[in-house]
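Order of writing sets the labels: A, B, C and D. Residues in every chain begin at 1.
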Amino acid sequence: MITVGIVGGTGYTGVELLRLLLRHPNVNVKILTSRTEAGRRVDEMFPSLRGHTDLEFSDLKIEALQKCDVVFFATPHGVAMNHAADLLSAGTKVIDLAADFRLQDLEQFEKWYGLEHACPEILKQSVYGLCELNREKIKQAQVIGNPGCYPTTVQLGLAPLLQASELLLKPESIIIDAKSGVSGAGRKASLGMIYSENADNFKAYGVAGHRHHPEIVEALGHISAHQANFESLIFVPHLVPMIRGMLSTIYVDLTEHAKAVDLQKLYQDFYQGEHFVDVMPAGSSPETRSVRGANQLRIALHQIQANKLIVLVAQDNLVKGAAGQAIQNMNLMFNFSEDAGLQGIGLLP
Amino acid sequence: MITVGIVGGTGYTGVELLRLLLRHPNVNVKILTSRTEAGRRVDEMFPSLRGHTDLEFSDLKIEALQKCDVVFFATPHGVAMNHAADLLSAGTKVIDLAADFRLQDLEQFEKWYGLEHACPEILKQSVYGLCELNREKIKQAQVIGNPGCYPTTVQLGLAPLLQASELLLKPESIIIDAKSGVSGAGRKASLGMIYSENADNFKAYGVAGHRHHPEIVEALGHISAHQANFESLIFVPHLVPMIRGMLSTIYVDLTEHAKAVDLQKLYQDFYQGEHFVDVMPAGSSPETRSVRGANQLRIALHQIQANKLIVLVAQDNLVKGAAGQAIQNMNLMFNFSEDAGLQGIGLLP
Amino acid sequence: MITVGIVGGTGYTGVELLRLLLRHPNVNVKILTSRTEAGRRVDEMFPSLRGHTDLEFSDLKIEALQKCDVVFFATPHGVAMNHAADLLSAGTKVIDLAADFRLQDLEQFEKWYGLEHACPEILKQSVYGLCELNREKIKQAQVIGNPGCYPTTVQLGLAPLLQASELLLKPESIIIDAKSGVSGAGRKASLGMIYSENADNFKAYGVAGHRHHPEIVEALGHISAHQANFESLIFVPHLVPMIRGMLSTIYVDLTEHAKAVDLQKLYQDFYQGEHFVDVMPAGSSPETRSVRGANQLRIALHQIQANKLIVLVAQDNLVKGAAGQAIQNMNLMFNFSEDAGLQGIGLLP
Amino acid sequence: MITVGIVGGTGYTGVELLRLLLRHPNVNVKILTSRTEAGRRVDEMFPSLRGHTDLEFSDLKIEALQKCDVVFFATPHGVAMNHAADLLSAGTKVIDLAADFRLQDLEQFEKWYGLEHACPEILKQSVYGLCELNREKIKQAQVIGNPGCYPTTVQLGLAPLLQASELLLKPESIIIDAKSGVSGAGRKASLGMIYSENADNFKAYGVAGHRHHPEIVEALGHISAHQANFESLIFVPHLVPMIRGMLSTIYVDLTEHAKAVDLQKLYQDFYQGEHFVDVMPAGSSPETRSVRGANQLRIALHQIQANKLIVLVAQDNLVKGAAGQAIQNMNLMFNFSEDAGLQGIGLLP
């Protein structure tokens, strides 16, 4: 059993971490902080937890967190980087669900998040926590930048093409038309998020620029075995009137090299043995509800013309796109079974 | 053509007034105020209005409003009462969609709204704007208190029983189990109203006490032809994951007098000729979507035991429950056809 | 490990049984029947199960089922009663999620379900599977009638009042205003159930009579310690535009005996130690989302007048109202921990 | 006043035609046919129409329809083509909301709809009813093929680029990622359309091929001033958990010619004076709710790289995408004001 702290427990990734960690066989959640709710029982705010925990929110005290084996930051961007050094010095590992340890490019970080990075040295040692592509490094990591939800779908959706012996897609052709449920925007009192503004409605947002764009560009560059440049890819997110779920529809032009390749087989082989990535039969249409509440990502390929491929990728933005993936990282870091606490089946209907 | 001002145009009743008034044949909307949005085009905030108006929000200036024939207050409680005297003195009529002129009982008003009433004398002369029950007074009124959404359903749902020659129901038996769409709570940035907190969810609220309770009690007292006391009625509102719509399920014990009465015929006769109250065939189940966007209220009776009656009442909370009824009041006050601007058919599906 | 068969695996209770049983530590699901889908993989129909099972639907073969320790019937009414004798003779226990073993009154069964009962003798020995109220009998049972979803909320919502040393409520005063998500109507291709007919809409249904009415009447009679008659209770179900979830708002008049009783304490004591019944603090408002996907029922009391009590009861209609409760019964019958396989936390948001 | 018949009044386009035509100042709806509901009042099936019509469904009788000035077919594909000759011979005009008169290419029609065309000669004379691009021909037409919902968004979204003096986009680069509310699939009792299968869910469908694909290809070919070939465009529709609304996100590569062109101005000039096409300010994000219930289509441009353009197009699939556009065609054919009966403002919220 390890002891776990969660900083920032009043948001949706916080309560999702609790939902999963309170049933994790190797974990004891000891601390849950909140600036505004210290002293209040967490099950008073989230009645779904009644009967499962007596935890109360507490103020963030670094000495208390230093006694944990690992601390999750389910906070806004810019919090984890201010506490990472103190925690590491005490031997406490850090998993940040925000963006502080996602981008290695400091300029991009400052441009998109409006923050100077507080610990560039730690950032350099941190590991980008996309488990399927980075497993060995994660096992050794002290600090994890848990990937953004959209970037998770894009990287897992394109990795087999990018890591083949020959580059199979044209980087400049990539178009990602992505759709997310509303919980992706977090638990905040803002006019744009209220029910009557979002129900029975559909729209694009962030077309002119979204923080996940530079993360996707940098991450695909790291994944690619072929020194490709992904700066001109197009990424357009949309908002779906549903609570959870994310679907990315990715359009790519294939290279000549792809002609000789059975792409369906390529993907199946690439993800052979993975617990949480499901390559569906060619021509399938993954539905977001098939992964509701589950740490699962499903991929389906549609090669509709000789040189055109559509990759459909579905996940639950709060699980494989956030809290579930963070726990998957923790499992790797502590040498637990990778699927410990993550075996739940999606809620359908 | 009359000139109209709207105070408080950024909420849902404000934009609903605009949707209806911009197509009203006898109305010219001249002024639309907002404390926070002065100078901004209204169709920038509500793109549904693009192509239908060039109005901009302006600061509330009483001199400008005094030039209008009528001013609607689509504001929080406590605004209209501070401006009514100035408007009346200039001959401008007032229709308040908030609660300032709903309760004649000042103690109740102060208890439930936490405000001392600013103009008790005007309150005395004001008229409660439930058109079907108060038509003649409304035609002469200078100030209208537009009824609350829940109270509208209850009064129209019970009036035929209360105004029969003998009292047909037992006042102390009344139970109102009411359900409303989320737009009834207005357009406010509050955590409790965000999409992910309300979608795919159902709950009761305000069980211990809701502001519409005293309004229902007072209004039923006025309607009743039999000096009955309604203080012990039970009213429990619930929140439905839909944008618009309200259904009240009203349970009453019938008196002995009711045995000789054909209640279905009683209701049909009572509402004979009304544009906006539809008595459906006995045993029907009015759906809220049948009135979506329409100034229409539908009633169905279920007499399930000799002395037990269930009255189902459906309306769109923003139309017959708010903006539509306010315009119906205006039509009466200015001697327009009562259904002018209110003939739209509900949006189904 | 016991072996389990499920008859009728293509409906929502079927797939929900699978979601829970596939992760149950003591269970091996061997057989899943479907008249129409025999030979098809179940995860092809329900992709949420991909990676969790290789089961295929098969035709119903009684010899195969007889080799199971227990068979669940997730079928329409009238199926289980035709196979119960064959299964019992082989020592296989039966849990019926339909109505075949819910009503002891054969006349009522035939009246409401239009079927002559196929095995009245077995019906007599069957046990009504409301675990919290019937635990000892269930442990010995060979055949379980799993309660209807609405009746579960009413019985657990009123049992403490009915089993107190003095009768605390007036049976003839009971009004149950119940609301259910759409999944309660099952997985059937019918016009009334399609998305565009149900979204953004609210309505009552079955006001003139619903099959759960006689079940509630009979069951309350059994629960009551005071020979009371419940035939005149009123039960009105409504349809909520959400997938899962059920809330019953129950209104009762209290007797004089209640004056001396702390009802909140009565309920807390009554359900002390129960895993799946949560008595919330007085004045709470249980939300359906707090139990989404969980085998949990939450109760809150509102005593709004000296002699008037409102009981709010929330559950997930597919879990505590159907598949979860069925598994809870199985756990009792096979002497497993009562919460085995049922410890999942509700999905919020 | 003209007399109007509607064939097939029980679907969503049928009831939407009624909603709009019953308030149209120049129209008298005389006949409404249904194979299955003959003799039933239409407001019994669609209670939203109570108080607005006494129409009953009738059997399809060609002699009766021949007395109408115009007949709308709100039927499945393949019905209108069997009655067009009879109606035209009597001087009755025909507006088909299905696909019988959309595709001039008979091979494509037979391939995608599985039907041999019943009246190829009439097809040749028929006019494709996209009013903004085909207005003069429509005014003279006897038979109109009302465009499909998706094709409407694509054509109006790309027409300014295709009809500029130089071709401004690369036809082979077009990718249409389209999203529709569930009502687009019609009012049919099918398992895939029920509430619990669609709510809180998102998915692509018809990726391998959708009937609107050939219509888009043919129609863009007609619109283009430059003999371009559009066969390799990509069209992927998705299903959104909302009743009404459609958003197409269209990605195109621009040609060198586009460098010298102010695209925003090009679009604004192109649609100058159009009632029903709204070019929003550059960088806007049209929401489907801004056109809910309105015959309105909104376009916004995002030129995110020198040679990359994203066109966002929103409409209500049942109005501008079906019934509203059909009435707009009728208005043109009978020389009514083009916006007669179509001036309603979108329902927001």
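In this text, a residue touches a chain if its C-beta (ideal position, glycine included) is under 8 Å from a C-beta of that chain, and two chains touch if they have at least 3 such contacts.
Please read all numbers here as calculations on a predicted model, not as lab measurements.
Of the two chain pairs shown, B-D and A-B, the one joined by more C-beta contacts is B-D. When every chain is reduced to the mean of its CA atoms, the largest separation from chain A belongs to B. In this assembly, the C-alpha centroid of chain A lies 46 Å from the C-alpha centroid of chain B. Distance between chain B and chain D, defined via averaged C-alpha coordinates, is recorded as 37 Å.
In chain D, the residues that reach two or more other chains under the touch definition are 12, 181, 183, 187, 196-197, 199-200, 241-244, 286-287, 289, 292, 349. Looking at the complex, you find that chain C touches chain D at residues 12, 181-183, 187-191, 193-200, 241-243. Interface residues of chain D facing chain A in the complex, by the touch rule stated above, are 175, 177, 179, 181, 196-197, 199-205, 207-208, 232, 234, 236, 238, 240-245, 247, 249, 251, 283, 285-289, 292, 302, 304-305, 308, 310, 312, 314, 349. By the touch rule above, chain B contacts chain D in their complex via residues 12, 15, 19, 22-23, 46-52, 183, 187, 199-200, 243-244, 275, 278, 280, 284, 286-287, 289-294, 296, 298, 318, 343-349.
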